[in-house]
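Paired with subunit B in one complex and with subunit C in the other, subunit A is shared by the two complexes that follow.
Take a look at the complex of A and B:
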């Protein structure tokens, strides 16, 4: 698989109570599987099936993905700035692998 | 046709040629406003995922070989505008070389590392990164001296009918620009957005991959990645695109 990388775009700081937009672009082939490989075996599905985001320990966003989601999926969501803390992004891949990225939001 | 008639037709053709050359537009000019905005938005244009990979590879050192960054320090300044001058003649071999070819050559000769291979994600990443450093810089390739035969060959390729459909590039990319071909709008066929993220590919691809798709489309011979035929055509397209800004990583349909 090509290297996993994620581009997380959000403001570095925000005022308390402000709505911040978080945009997430991630590199993944999102292979729906089902093809027959050279050996005659069926290629298993391998997609990112869930993205969860926690902010200062609280879950703020969850996105369940299915085979209709394109390769290199992009998603954006908003959340309210409450306190300075980390947004932790975790993708779960078919087969059990997980990828985690962290972005810090400073609340003034 | 009489000699006078032939001369008149030639004059008309020349006129059409000059009129068209003044208004060559980038491929992105034919995209929907939504896609144009997505291309410009680094948070949403997936091509930047490859640029990021390329930037990482650029500063990485493998074994005791020097990294790209060892020679090209401060690439944001030192390599700004470099991609806009490709394809160009390689001084050592006297042959035409494009950006991907230069990266592979640097790897083989200076870093003594095995080639990455055409369309490998690593080579696409490096090419996209180096090209992205030239974003907004007008294309300024040279078609003089040793490059002239390549330019002539590229021009002949562009104007030659080929394939089972017996079509020349110029028939669509000069004659039918703005009209529809299947689901897409015909552009002037300049490569300023490449390496580009094509929705059809679900990934980044080189200009030569795009040219192979064109060749397949007219049921003509598909040449190899990095072949002289496509390099010459790439030079001709770059001359056509002179003055247009580099857009890589572009977003195309």
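Take a look at the complex of A and C:
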């Protein structure tokens, strides 16, 4: 896909030990395969099958997606603020493409 | 609409031709000539047992929040919360969502850790038809908890082929 549009919503800063909620919304058709398009051809399966989140280098969350996840998938999870660092979001798409986004959390 | 799942959603099975039906009907075998129908979906209990390696999950300490009536099965909000201190010794390892009548019943799995702080997630799912949706959580101690909910879907995902 030409453009990968992800919206990550989370506080920019938090106190140490505080639990922060991270909300992630991605624009993606999540083609589950088998549908028939306007031209009569069958659309192959192409979904984001995994989202991995690391925080200051440590994995904190993983979301395994199958065909039952909606188009433009949304997910919300929590993580405990431990140190100032980057949250790195990496999506893996069918076919092997990966997309990465970064958000910084400042811990006071 | 007669069927909640369109052919684009379920594996396509050609209907017998009129000639086949007539011939079979003449022989009194019209029923036998009809396709056996889509394979019956595995029962929810079976799907859960596969996740828990046979252990019976407890039905406590987990809340599955999903609307009882869904207008559009293409995007269904779900929230799941497990009561857990989320410490190194006692935390939720993962939460798995099953929709038993979806073409592929395993919907999603959320991997958590003590770093999560709370065992609480929200997401958007697709539901092919009215059915029971279940959430199974694996605890660090080796146990499992589950919750399920009946959901009525008025417009199923799959119907428009899109």
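By our rule, the second predicted complex is superposed on the first by the 97 of 108 C-alpha atoms of A that agree within 3 Å, B and C clash if a C-alpha of one lies under 4 Å from a C-alpha of the other, contacts with A are read in each partner's own complex, and residues count from 1 in each chain.
Criterion: a contact is a pair of C-beta atoms (placed from the backbone, for glycine too) under 8 Å apart; a residue touches a chain by one contact, two chains touch by 3 or more.
On a predicted model such as this, the values are computed, not experimentally measured, just so you know.
After superposition on subunit A, the partners subunit B and subunit C are seen to fit next to each other with no clash. By the touch criterion defined above, A:35 lies against subunit C but remains apart from subunit B after alignment on the C-alpha atoms of chain A.
Ranked by how many residues of subunit A each touches, subunit B and subunit C are led by C.
With both structures placed on the common chain, the touch criterion links A:7 to subunit B but leaves subunit C unconnected. By the document's definition of touching, of the two partners only subunit C reaches A:77; subunit B does not.
Legend: residue contacts after superposition of the two complexes on their common chain; A:27 is shown touching subunit B, with no touch to subunit C.
Of the two partner chains placed around the shared chain by superposition, subunit C is the only one that A:67 touches, whereas subunit B remains out of contact.
Aligning both complexes on chain A leaves subunit B and subunit C separated at their closest CA atoms by 6 Å. On subunit A, the patch touched by subunit B and the patch touched by subunit C overlap at residues 23, 70-72, 74. Interface of subunit B with subunit A (complex): residues 42-44, 46, 48-49, 52-53, 121, 202-203. Of all the residues in subunit C, the ones that touch subunit A in their complex are 8-9, 74-76, 97, 99, 102-113, 115-118, 120-127, 157, 161-162. Of all residues in subunit A, only 19, 23, 32, 34-36, 55, 58-80, 82 touch subunit C in the complex they form.
The touching residues of subunit A, when paired with subunit B in their complex, are 2-3, 5, 7, 9, 23, 25-27, 29, 70-72, 74.
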